[in-house]
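In what follows, chain A forms one complex with chain B and a second complex with chain C.
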Partner chain A sequence: MTQHFKGTGISRRQMVKGLGAATLLPLVGGISPFAIGGQHAGKVVVVGGGFGGATAAKYLKRANPAIEVVLVEPAETFYTCPFSNLHLGGLRSMDSIAHGYDELQDRYGVRVIHATAEDIDAAAHTVKLSTGSELEYDRLVLSPGIDIRWNVLEGYDEDAAEKAPHAWKAGSQTEKLRAQLEAMEDGGTFVMVAPDNPFRCPPGPYERASLVANYLAQYKPKSKVLILDAKDNFSKQGLFMEGWERLYGDRIEWVGLSDDGRVTRVDADRLEVETEFGTVHQADVLNVIPPQKAGWIAERAGVTDDSGWVPVKPETFESQQAEDIYVIGDATVAAPMPKSGFCANAQAKVVAVAIAASLESRPAPAAHWTNTCYSLVGPEYGISVAGVYRVKDGVIAEVEGSGGVSPMDAPDTTRALEAEYAVGWYNAICQDTWGTQT
Partner chain B sequence: MHSSSSSRFILLGRRLLRGLGVAITGLGLATLALPGLASEPWQRLEAAQSLLGDSEPHTQGLTLDLPHVSEDGSAVALTVSFDGELDEGDYIERVDLFANANPSPEIATFHLSPLSAKPEISTRVRLNETQEVIAIATSHQGERFATAREVRITVSGCLVRAGGEAPDALSNPRVSIASGLAAGEPAEVRTLINHPMETGLREDDDGDTLPRHIIERFSVSIEGDTVFEAELHQSISANPYLRFFLTPEQSGEAEFIWQDDSGETARHVAEIDLS
Partner chain C sequence: MNRSIRRAVTPIMGTLLSLGAATTAVAETNLSSEQVGLLASACANCHGTDGRRSGSVPTIAGRPAAVLESRLLAFKHEETSDTTIMDRIAKGFTDEELVALAGHFAAIDPEAEGDSPADQEPQE
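And now, the complex of A and B:
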């Protein structure tokens, strides 16, 4: 994305560049000069170190290195949801989707605190940490991702998730589901329960089904994948179904909402699920992707609405309900932008510029965002959807004629190229977000 | 929040207008009609107005539950429910749903009876753009209640639809009745049937308009007495889903009938067994 700064005389960008050079050395030493010419440039606390939060922290420092930026993230190693389906399918190690925070600290001078943000006092502008300490902020960025709505799906609580993993937050849940898949006898059924909209990563369940089928085809050829869906339509549906037929025959069965696909009860002990009209399905491995909501801390900050997600002002992603709190990523209501890592990264850059502007009492520049979702139907079979977004009539809207999806009936070479692009995309965005080199 | 801010605006508008009215009559001027500014959504929709006639509906008691934002306008989950005050012996007899910016605004009309008297109905509706959905409830004694809710429709960048094959009309009727029925206690009933609900507005790949083909009527009777009925229009999603409550007084045979505009019907029979 490009950033346009309106101003008189020297452009903002040139000024920032100049400042960056001047302040880089002391930053590397870890001593951050939080003031320029005796003036306080502002303090920003960023909660969450995923695609949104890590990008926001970095780009705040790039917008103005004099801003004091503190990133709060409990994990020292962050595992991405993008490409976690490849681990599940046995195509990648967990290490290859692991990222750290060294670059943010060492190169950009972000103070990284590995703790959980436990409470937020929006009026007092403070964040309470699990360590007991409290952080003050001028502006707060929340990038809390999602939390599971436990027990909304009858029988699916935190204990059930140990037996029937959701694996919708990458990490130990991903490894658990992978271990179950590896332990499954040949001839077993991998049952996936897919949620209604909105949820994190709209094409994710279908990429997962694809890569599980790919693994089964090689190692457990008598096994099947059954998707029980609470929707009648899903992301890139035609492309996925074309790919499934091409690569896996009838190994993947998808049952949509109108064919009684909506699961209403989970029995994790018996690996059994029941649908709305009473059909009971027996699984050998049960993957329940449950209903979701904004990450818990967003509720504590008072920025969620009765949908459980966070309404934001589209121009800046500032909360509609609390001043000086900006929210990005999966937690927000940003449709038609999907809940994707790419969108979180794009939103973070807009927020960084908006906050840098607001700290200097300048208006935020007009924003636009892009998104691309690559999905792997097989290791050498990629498909994608892309979009460009702008604010129109006060809401986020897809720019007409922008983006699009991969063509149907494309030759294998096209699919193979897109699979390569997917890897290129992953490497690039992880380098942008965490500085991970590949 | 979208809904609360828009309803707050309406409230402010009304208060403002009332104030204006007082000021204007105080000055001895004729009362001014300011259409659009103060009117409720149902006053701006002819179909709703013709149902209401001169009656001024209560604005408390009827609730529409819809998402603020929906990423798939082809099937938006909707629940309409009533928890307002009614006279002893009165009950909600009819519920009408409208979508003010759809090609034809009528969504459905539900007819309830004392044996389906818990007024809570869920279905899935088509909304072709961001708009207000309106519900009007009428009691047996003629009390009216109205409510409206705005729904923003987006097509998510990651939610490009496949199209897919249309289902066979009137296939796979499904009924689920809550277990543990007791006399006089409302029991949840869910129904689902496969049907394309072709609107008559859509074109096929060759550019020919597909003829209208929808389920127009759904009814439930217990031992021959009709207890719940629905008139459905094009704005009901493909594969109509209905969730409602029955309050059976005695055990017996419940018959569910779906009838489409070609005259075909599908039938499902379930035993109501009161414990």
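And now, the complex of A and C:
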């Protein structure tokens, strides 16, 4: 659409708002620019090809195939954080958590550009790519994931992450941490530094500790896991602790904030960490999950606030700070929805229909999101948390009486079923997001 | 865009109607097909796009509307022991939404290559 109004200094949306869709029609020769199958249904650029971005691209095309959709993602292969803990625990290959973009291109007609989005001009509605080219958009979807806040933990910078991996973005970091774990001698301590809220995948650190313990129990039985936590409570805590006791005895030790668990300094060369009150812990393998913020392109777009995250309008996930920019996934402030791949996928679907509606100048359907998050305490021991959300009184709220966690004291058969469903969930969401067939 | 959702009239009659539901028992809901499509898209995260996946999580595409409806309503309202998570999820939907979702997935051909439910629904 943008090309029709170039040089007028007003966006298509402003024109629609100002003139009304009916009066707009004669401007483009009497042909509805929004007709399904027509040439001018609008152009949407999606930045980021993870659970949020890839889903948004696909569901935009499903909402209206006439919308031109461009997906910008640097990687040709995307490794998921979900199930990367299974690789860490020696239970899955990296290949099994790798996904590509063939379905989006071949089946849905999404144009996929493997480049980095380097800058965004929200006023001009353009995205600048690392290739030097510039993309115009009518609507922009940002699904930038997270970035690390380097040096907030003293001594934890990009160099330190080579020695004490965070492995909180799946890929080479995951492999590095796995290699260190494999090389660790029996009797060693795997020390994990866990961050305060909010951060990507609230139960992730504790699933990781579980699957590392599972590996150690089998291959390095004299070794331990120590979690130093910057908070006093964590996701599915009761269920994790019940499972740890049952499967791993005292192999996993968790130290919360009140017991001086908050790490303030990291010495990656010596694999040492120091807590708030001066306790120094020596690791044999050191996994630092540091404080996080929205992926940096969100800052460039001017959609982050002082918290480093992105405030959005609950009904549509359009930025509160920039018109026509929609932001989804871990980068957003969407509590009580957690920062999960499932939520990113669910938010993407709401955004897709909201954008399709806005391009036709009609109201979006009412937003509704679901989250299900499985964690594996062991390969055959799964637990879950679910939530269903709507907008209530202008804010995102969990539907009363819905959701919650798996029951405590459940029989082994229930845990085994949930472990099986965890795999079923992973396969389904990866099919839904990238078209990966398993 | 406002096609009504074909569905069985009541969950009690569900089993009796299951065979004839698609042709005889048609009722209106106040939900637009776009709204139902959005609600249904959330199911894909575990059941695959359009509910077509099979595996540890059951396929929901193409199952009789009455069966889906009675299951969904039971997940929401009754103490069922044969679920681990659907009871927690179903409680987040209204009865009308659950009924509409049952109709939506029943109308999808589980084997078809089509991309969206619209591909399988009769044209009006």
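Here is the rule we go by: the second predicted complex is superposed on the first by the 399 of 438 C-alpha atoms of A that agree within 3 Å, B and C clash if a C-alpha of one lies under 4 Å from a C-alpha of the other, contacts with A are read in each partner's own complex, and residues count from 1 in each chain.
Throughout what follows, contacts are C-beta pairs under 8 Å (C-beta built on N, C-alpha and C of every residue); 3 or more make two chains touch, one makes a residue touch a chain.
Nothing here was measured: the structure is a model prediction, and the numbers come from that model.
In the superposed model, A:Gly403 lies in contact with both chain B and chain C. Of the two partner chains placed by superposition, only chain C is touched by A:Pro365; chain B is not.
By the touch criterion defined above, A:Asp284 lies against neither chain B nor chain C after alignment on the C-alpha atoms of chain A. Of the two partner chains placed around the shared chain by superposition, neither chain B nor chain C is touched by A:Asp330.
By the touch criterion defined above, A:Lys231 lies against chain B but remains apart from chain C after alignment on the C-alpha atoms of chain A. With both structures placed on the common chain, the touch criterion links A:Glu207 to neither chain B nor chain C.
Of the two partner chains placed by the overlay, only chain B lies in contact with A:Ser258; chain C stays clear of it.
By the touch criterion stated above, A:Ala386 is placed in contact with chain B and with chain C alike.
Chain A residues in contact with chain B (one complex) as well as with chain C (other complex) are 386-387, 389, 403. Residues 196-198, 201-203, 231-238, 241, 257-260, 276-278, 305-307, 311, 320-321, 333, 335-338, 340, 371, 373, 385-387, 389, 395, 397-398, 403, 405 of chain A touch chain B in their complex. Within the complex formed with chain A, the residues of chain C that make contact are 32, 34-35, 37-39, 41-49, 53, 55-57, 84-85, 88-93, 115-116.
On the chain B side of its complex with chain A, the touching residues are 1-2, 67-72, 74-75, 77, 152, 154-164, 167, 172, 174-176, 190, 192, 194, 238-239, 241. By the touch criterion stated above, chain A contacts chain C in their complex at residues 59, 62, 107-108, 342, 345-346, 349-350, 353, 357, 365-366, 368-370, 372, 384, 386-390, 399, 401-404, 406, 414, 417-418, 420-421, 423-425, 427-429, 431-432.
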